[in-house]
Every structure is written in C-alpha cells, then in structure tokens.
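Below are two complexes that have chain A in common, paired first with chain B and then with chain C.
== the complex of A and B ==
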C-alpha cells in the first residue's frame, strides 16, 4: 500500500497514513531474515514475516503497536522532521518523548519507535512504529536469532536498543488517541489543512481498498521477496561429528545455497571423507535455504554411509535452528 | 415576482458596497463536499514554495553534479561516467540492492537506474541523461561509494554540452502558481496548460527564457510530461504562425483581490496582467453560486430599530458573572439574531425547508425539524458558513458560547465537517464589514437567507409626533426561493422577526 501511495499521490502533497496489523516481524529491504529473527519461534507463536521496501532494521508489529507513515515531496524530506512531529504529538498526551541521535523516538532513554525511509526521485516517505502496548516478550523472543553470530552477511544489521511501551507512561493512550494526536500535529506541522476534512478511514468494508491490499499482499508474500531478496551471506558453524571437530561454511545467495564447504578442523580428511563432503556439497547447491528442502536433498546422501548419515544429521540440525522458515 | 420596500423616511440613502462583491462574499454552501475531494490545497503548495526553494538549493546536494570536465565534443556520442551523487545525510557509501538496467539498455532522464540502501534509507537513483548504459561498476550487494562512478552512459554530445557545470538544482523546480510573465509579447493562449509545476531541465529553461516562452504553455513530450528543447522550438514555430494573439483573460475575480482569502492568488496591484487559478474557496463559491442563481429569488428588505435589543444585551452582559464556564462571557447581538430567527421559524416552518427537485421527478419540499442556523464568517481561508445545530433547543447563552467556539475554530482553520454540514437556514452578518442594503444569494440546499447590514445611528420621528430622535437602525435583507415561498409568507416572517427584535420581551414569551 505504501508504494502505491508513494507513487500515485500528488507530487506536492503530504500524506499521513496510520495503521496497525497482526503480529509480524518486518525486516528491512536488504536484511537477512535468518540473522535477524528467530524463524522457529515465529512459526510456533504465529508471527508472520514481512519485508518492507524501505531500509533500516527489523521491527515487531502487533495490535499494540501503531504504525505511521508520512509521504512527502523529496525536497521536504529530512530524517528528523517526522520523528519530531510524532514527539510533539506525544507531548500533547503528556508523554515526554524526544528524538535520539539515531533518529528514533524515545522516552527516558528507551526506544518507543523505530524509523525507516525510502527516497525516490520526487517523493520520499518516512515510516515508523510506535510501541503503545505491544507484547515485549514476544518482541524480544522473535527478534533474537540463534544463528545471529554465525551468519556473516551484507545488508543492514539491526541495531538493538532497549525498548519500552507507551503504556508505561500513560494509562489512557491507545491506537485511536495516538492517531488523533498525530493527525492534529501533522496538520499543524505541514500546513493549515483542516485535517478533519481530509481524513479517510479504511476498513474491511472498503472493497476497492481491500482489493488493492490483497494484490499487494500476494506480491509481498512470495518466498522470492521474503527470502530471495536477501543479499549474499555465509553461515559458518562448527561441531563435533563422529568424534572429530567439523566446520561448515554455507554460502547463500538470494536465498539459495551456492556452495557448501566442509572440513575437519584439524585437516584430517581422508579420501572417503572428501568424497562424502563433495556429495553433500553437490546435493545442496541451488537448494533454498530452508530446513525442509535441505532435508530432502540430504536424504539420499545420508544413506551412503554412517559418517555421511551423521554429518547430514548434524548439518540439518544446525540449519534447522536458523532456517525453519516456510519453504520456497 | 415583486419587490416590497417598506416606505420610511430616510435622511440619506447609503450606497452599499458593490453588489458584485457582496454576491461573491456571501455564503458558500457545501464547501465541505468540494474540499473533501481536494487532495491537497494548492495554498499549501504555494505556501511552502519559498521554503522549498531554499531546500532545493541547500538541502539537496544529491542532485548536485560535480563538473564532469568534459568539453563539448564534436563526436556524435560521448560516454559519461555517471557518478553516485551525494544522497545527503553524510552517507559516504551504500549497498546496491538491485539494478533496474543492464549494459545495452536505453535510458531516459529520470528513469530508475538502481536502488541503494544506507543504514535506514533506501534510495532510488535515477538517470540524469538520455542515453545507453554501457557499463555497471558494481554488482548486486556491492558497496557503492559516493562520488565514484556508478554506471557509464553513452550520451549524445549536444545534450551534454548544455548540462551546466554550475551548482544549480538540476531536476525539479517548482513554478509557483503566480508568476509575472517576463515575456514582453503577450502569449497565445490557445494551447493553455494550467499546470502549476513544470518539469524541464535548466538548459531547456534557458532556451525558453531566451525565446520569451512561458513554459507553462508548452506541451511536454518527454517522459512524465517533461518539456524537451524540441518542444520549446516547436512551440515558438507554431506561435509565430498564429494571427495576432488574444489578450490574456484574467481568471481571478476582483473579489479575490479584496478578500483576505487565497494567499497564493493575491493579485499585486501594478504587476501587470496575468492569469491565476481559483483557490479552493473560490472554486467552491463558483460552483455553489452557479447552482444558487438558478433559483428565482424573492427579495424583502426591512429596517429594524434595535435600541431595545441593545439595552437588553447590556443588561444580560452586566449580569454575567465571570466564571470558569464559557457561557458566562459577554455576548454580542448575533445570538439574538440567531435565536429570533429560530423563534420566527417556529411560526413559518416552510422557510426552514429544502427543495428536492430531481430532474424528471416532481419537485417536493422537505420540512426540517432542526433549526441549524448557519452563520457566515470571514476566516483566513475565505468566507465559510458553519452552522449552530438545533437552535430551537438552545438558550441565548448557549448559542453565544457555541458561536464563540465556532469563530475560534474558524480562525484557526479547524472547523470540522459536522460544523460545516447540515445547515438549514443562513444568516450573514456581513454588515460587520460594511454594506446596508444587500442582496444575498439563497443557498441551494435551503430556501431562505438573511443578510444583516451594519447598524447606523439615524434620525427618526418618534411615534406620531414631529420630534426627531436618534435611533439605532439596521436593515435586514431577506431572500427566499420564490418557487416555493410566496411574497406574503416572506413579508410576514420578516415582520415577526422585526417585532421580536424590537421588543425582546416577546422573545421571552416564546422561549421554551
């Protein structure tokens, strides 16, 4: 939806868009889902994954989190402008918010809102989250990946901050009051628009909007977008198999494995081992980096020999920790 | 249709302000419907143009192109190393997320070349030239450095020579809505464009300036309506062929010049002829007046001596204790006018009705129980009419408080849609600005309107004697939809209204 608003709105207009959604982790445009979030926990707790088109780090959304987006002409864009607007809106609700050096909105040293930006030739948008009453336990659980340290990736890494809910500072704030505060501050900041006149509220009854949303949803739910847009990365892990310390290095590009290199730590491979390593490597090339696919590729190999079986089992175990996402 | 003027001896006849002015200043119904369809106000765009101009020049180094150091070459084609420009915010490097072109692709100015990402922002990089991509300097996910070549583009040499090396903002300039024409010769308006924003590179603008061409009237054939230099040449050719150009028609009415409305469209005296677009308020007025004047108007004017009213108001105000609640502030005469209207409407409900006239269907009258009296007010964005709802159920003090709140909201530009919707009758106190005898225009969703002129202290004969006394006189000018309201009804209504205001105790007798 955001892209549509970005591209189709009047080039000179300022648009404020407020919304919230079901529990979802939203990763930045070129982030690595395996590194940023705990896909296994997300699957077990019904948290969806989404990738947005603007940059920045990963954020957690649920119905206790409200999102705001401001679309504006490119020339009017600065990183702090909208964050400051939102802070001022919160002041009206008696919450002492401010913009920190990372251009995030914070209260008393804790982050309550994260921001991301997208700039095109003529338009730009700033969007941000606002934690009002979100499930912070789930937030922390889902945003912590076990394989984080093992994955070496390009792309933007999230910078972790201590977060808090607005609920800690105000008992009366909720999605609607937040929206109203932001709308009136938006009207004040960006012109003397009578904001009341230009507000459109969408819900399920707006069929044309629902149609558009459905189209967009299909487009961004493909595996290719969610996982395939991940920049090149390398997942290194080590362990002990058959009494010998092993290291593995899996290279992945656009979500598919490009190379697997295995080796014993002390360099004690013999010809058989090399043969097994080679077989494993060959079978995994081009496989999507998903546990189910890896398992089916390794299936035949594991029947070759006990060593092979053990290695396959170990690799699968390691990959499952990181890559329990949906299959391609 | 006939007019009735009550005969009265007057010492002087005050000439009202020009009729045209009053007509246009009075009431704009359904401004709400119009405004809600506006995506954004051109006022806003114009408001911020000056600050944007500053933005363009200093906050947008991303479009600054450092000198390429290539001279105008005699060769047909020249390969330019298009550098990754500064995307601002102190970023020195960013990752290439995806390419939109590959070597061999033809690109036009403003086409997307690639998308890059920095820590929090993704930025689309577009081409500055028309040409053919020759080489990509980076692969997907590589880190691109700002200021270093991004792609090689093969460009036609003449286009290159005209790219200025200066630090002018290259790509987009916002042409404000009003631009005094610098051209000496009047323009040919047969190919009009009412765009306020013109896309053209500085090179094209220079050619236009040299040829005294106003770019707003040139049809752009480039991508997205961009004006290319060929378009300018073609325009010059075609306008030379036409006969003597027509005098420009100034669209903005003189009303706009005098009202406080439409900052963007203010006509500066002595700046020469130019065409201006209507502001949103004017557009609404245009539409509504066009509708309203299809209604045959019956007009009735009468004088009201308001000395007793002034005294009543004084008494009420001195009894008001300063308290926390708003209803305790001093009141003006307007709440009296509003309440008297409602009390009189109780006797003549037809004046609170509405004509339902679908084309093809028989016309009907909708009688309305609520007296939602609209009060015309002059706000920074022009004259708009919010209404006070259910006046029949409200006391004078309650009406006064609501009126005050509406005025404050109007001044702040914060009137809500419910304020502006649902009016059933309109009162205009334009006498505050001036004018004695007025001819208001009935709102198309109502059947009656009253304009209150200014109060004058005039000599009158006291009763039947020959003694001359000073009286405070104001003239109310009524207009009603003569398709459904007859003259007698209007006259009687006006007499009742006059009676209520001249003897305020009678209002008391009728209050519920």
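== the complex of A and C ==
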C-alpha cells in the first residue's frame, strides 16, 4: 500500500498512513537477514520476515506496535519534522517524548519509535514504529544471529538501542488513541484535515483494497526481494574436521553462493583433499544461500568418501547457523 | 621562417564546435541531482556535490550491473545515508557499460569526491535528444539556488 501511495498520490500532497502488522521483523532495504536475524528462532515463534524499501535497521512489528508513515513532496523532506510531529502528539497524552540524535523518538533515554526514510526524485516518506504494547519477549533473541560475527557484509548494520513500550508511561494509550493523536497533530503540522472527507480506514477484509496492492504484495514476498536483495557478503568460519583445523570462506551475492574457498589451516592438503575441496566448491556455486539448498547440493559429494562426508556435514552445520530461511 | 609559417597555419585553422566536443567532455545535470559527463556516446554518471551534501554520510552504494539495458528515468541504483534510501535514476537510455565497484566498497568517496572518483556508472547512449534535454551548468546552478 505504501508503494502505491508513493507512486499514485498527488506529488504536492502530504499523506499520513497509519498501519499495523502481524508479528514481523522488518529489515531495511540494504540489510543482510542472515547477519541481522535469527531466522530459526523467528520461524519457531511464528515471526515473519519482511524487507522494506526505506533505509535503516531492523525493527519488530506486532499488533502492539503502530506504524506511521508520512509521504510528502521531496523538497519538503527533513529527517526530524515527522518525528517531532509524533512527539508532540504524545505530549497530548502526557508522555514526555522527544527526538534523539538518531532521529528516533524516545522517552527517558529509551527508544519507543525507530525511523526510516525513502527518497525518490519527486516524493519522500518518513515512517516510524511506535511500540505501544508490543510483545518484546517474543522479539527477544530474534535479532541475534548466531553467525553475526562470522559474516562480513556490505550494506547496513542495525544500531542496537534499549527499547520500551508506551504502556510503561500510559495505561490508556492504544492504537486507536495513538492514531487520533497523530492525525490531529498531522493536521496542525501540514494543513487542515477534514476527517469526514480525507480519512479512509480499511483492513484485510476490504477485498478491493487488498486487490489493489496484490501485485506489490507479491513482489515484496518473493525470495528475490527478501533474500536476493541482500548486498554482497562473505561468511567465514573455521573448525576441526577429521582432526585437522579447517577454514572456509563462502561468498554470496544476490542471495546465491558465488564462490567457496576451503583449506586446512596449516596448508596440510594433499591431492585427495584438494579434489574433495574442489568438488564441494563446484557443487555449491550458484546455490541459494539456504540450508535446504546447500544440503541438497552437498548430498552427492558427501557420498564420495568419509572425509567428504565429514566436511559436508560440518559446512552444512555452520551454514545452518545463519541460513535457515525459506527456500528460493 | 618556419615559425612564421607555423603561426600562419595555426591561425587559419578554425576551432569548430565539433572539434571542441571531440576534445572535451561536456557536463550536464538532471533535476534529481545527477551529473553526466558526456564523451562521444558514453555518459559517466554520478550524484552532485549538492546531492551528497544534503544526503549526509553515505553508508551504502548500489550500482547497476554491466550489460543492463536501461531507459531514461529507470531506477538503476541506490545510495543510503543516515537511514535514508535514495533511488538513483538513469538520465539516458542505453546500455550500462561500466560500473564503479570501488565506490561500493569505499562509500565515503561519494561524500569526498562525488563529481570525480565517486562516479557511479557509465551508459552508452544512442539518443542525442536526451542529452540535449539535460540541464547545463547554469540551469542546474539556478535550480539548486532556488531550493535555498
């Protein structure tokens, strides 16, 4: 819906969009899900993965988190204007919110809202989360990848902050009262808002609206967008296989393995070892960086010899620490 | 003697506009703050000093793949700075013949040298009219001054 608003709205208009999601980790456009997220844990807790088109880091959405987006003419864009608008909206609920140096909204040093931005040639948008009553326990651990320190990536890393829910500061605030407060402040900031004419409310039962955005929904659900959009990265890991220290380097681009380099740490490879290393490397090139695909590529190689089987098992185990996501 | 002859030859040769175009690359601009240096039928593209200044510290750069066919106005890359993802547009229709991989690894080049080492890609174009429609330096300067 947001992409549709960005493309179809009057270029001179200011549009406020307020929305909520089922439990989802939303990564920024240029982030690495394998480095940012614990995909195994997310799957076990029914937390979805989404990638947005704006920049910035990873955030958590559920029905206790409300999102606001302001779409505006490109020349009207500043990073703090909308965050300040939302802070003022919260002041009306007696919540002492302010905008911090990272353009996020905070209360007493704790982040309640993360911001991200998108700039096109004619339009821009600012969107932010607002943790009202989110299930932060469900989130805990989902943003900690076991392979985080082994992955060197181009792209954007999240900056961790201490977060809190608005519920700690107000017993009465909820999604509806937050939306009403933000709409009022939006009208005061950007111009008169005629609630009767200019405000539309819909949900998943509004099939005509869902139909309008179906194409975009499909596009952002594809593996190509969720995982294939990931900037170039290298996953390095080491261990002991068959009593020998071994090092591996897996290079990945557009979510597919482009090169695998294997070797014994002290250069102890013999001709047979080199042969196995080469077979493993060749089998993995072009494979999606997904455990199931890696397993299927390594299957035939693991039957070549006991050494090959041990190496394949080890490689799969290390890649599974990161790459438990959906198949391509 | 020979000097006088040489001088006479030099003076009689006229520097035509086409000769100037072959000798120097011309620089053009877009309203979305890209610069294009035109050399024969190749345009080298980057973002302007004005653009990098308003973006802030660049932390990520995406350039198009070499060999991609693009049309005027297509989104061909991206730059991220201070949590803002900005689209980069192709100012010309043609084929991407080279992309600057160095800038994807040293993203700060966009801030320190946006109009030289921070170039993004080169496009081989066929439509001279698209080039003629781009802004010249004076028109672009007027645009950026109007923004203030």
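Convention: the second predicted complex is superposed on the first by the 321 of 328 C-alpha atoms of A that agree within 3 Å, B and C clash if a C-alpha of one lies under 4 Å from a C-alpha of the other, contacts with A are read in each partner's own complex, and residues count from 1 in each chain.
Methods note: a contact is a pair of C-beta atoms (placed from the backbone, for glycine too) under 8 Å apart; a residue touches a chain by one contact, two chains touch by 3 or more.
What you are looking at is a predicted structure, and each value in this text was computed from that prediction instead of being measured.
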Partners on chain A (chain B, chain C) - clash or fit: clash
Which superposed partner A:14 touches (first chain B, second chain C, both, neither): first
First (chain B), second (chain C), both or neither touched by A:180: neither
Contacts of A:121 with chain B and chain C, given as first, second, both or neither: both
Chain B versus chain C as contact partner of A:170, first or second or both or neither: neither
Partner chain(s) touched by A:258 [first = chain B, second = chain C, both, neither]: neither
Chain A residues touched - chain C or chain B, whichever exceeds: B
Touched partner set for A:75, first chain B, second chain C, both or neither: both
First, second, both or neither for A:281, with chain B first and chain C second: neither
Chain A positions touched by chain B in one structure and by chain C in the second: 28-30, 53-57, 75, 79, 103, 115-121, 154-156, 231-232
Chain C partner contacts - residues on chain A that touch it in the complex: 28-30, 53-57, 75, 79, 102-103, 115-121, 154-156, 231-232
Partner chain A, residues of chain C touching it in the complex: 31-32, 59-60, 62, 78, 80-87, 89, 104-105, 147
Residues of chain B touching chain A in the complex: 32, 35-36, 38-41, 43-45, 47-48, 52, 55-56, 59-60, 87, 89, 95, 97, 110, 112, 115, 117-124, 126, 140-141, 143, 171-172, 174, 197, 380-381, 413-417
Of all residues in chain A, those that touch chain B in their complex: 9-14, 28-30, 53-57, 73-76, 78-79, 103, 115-122, 154-156, 190-194, 196-198, 229, 231-232
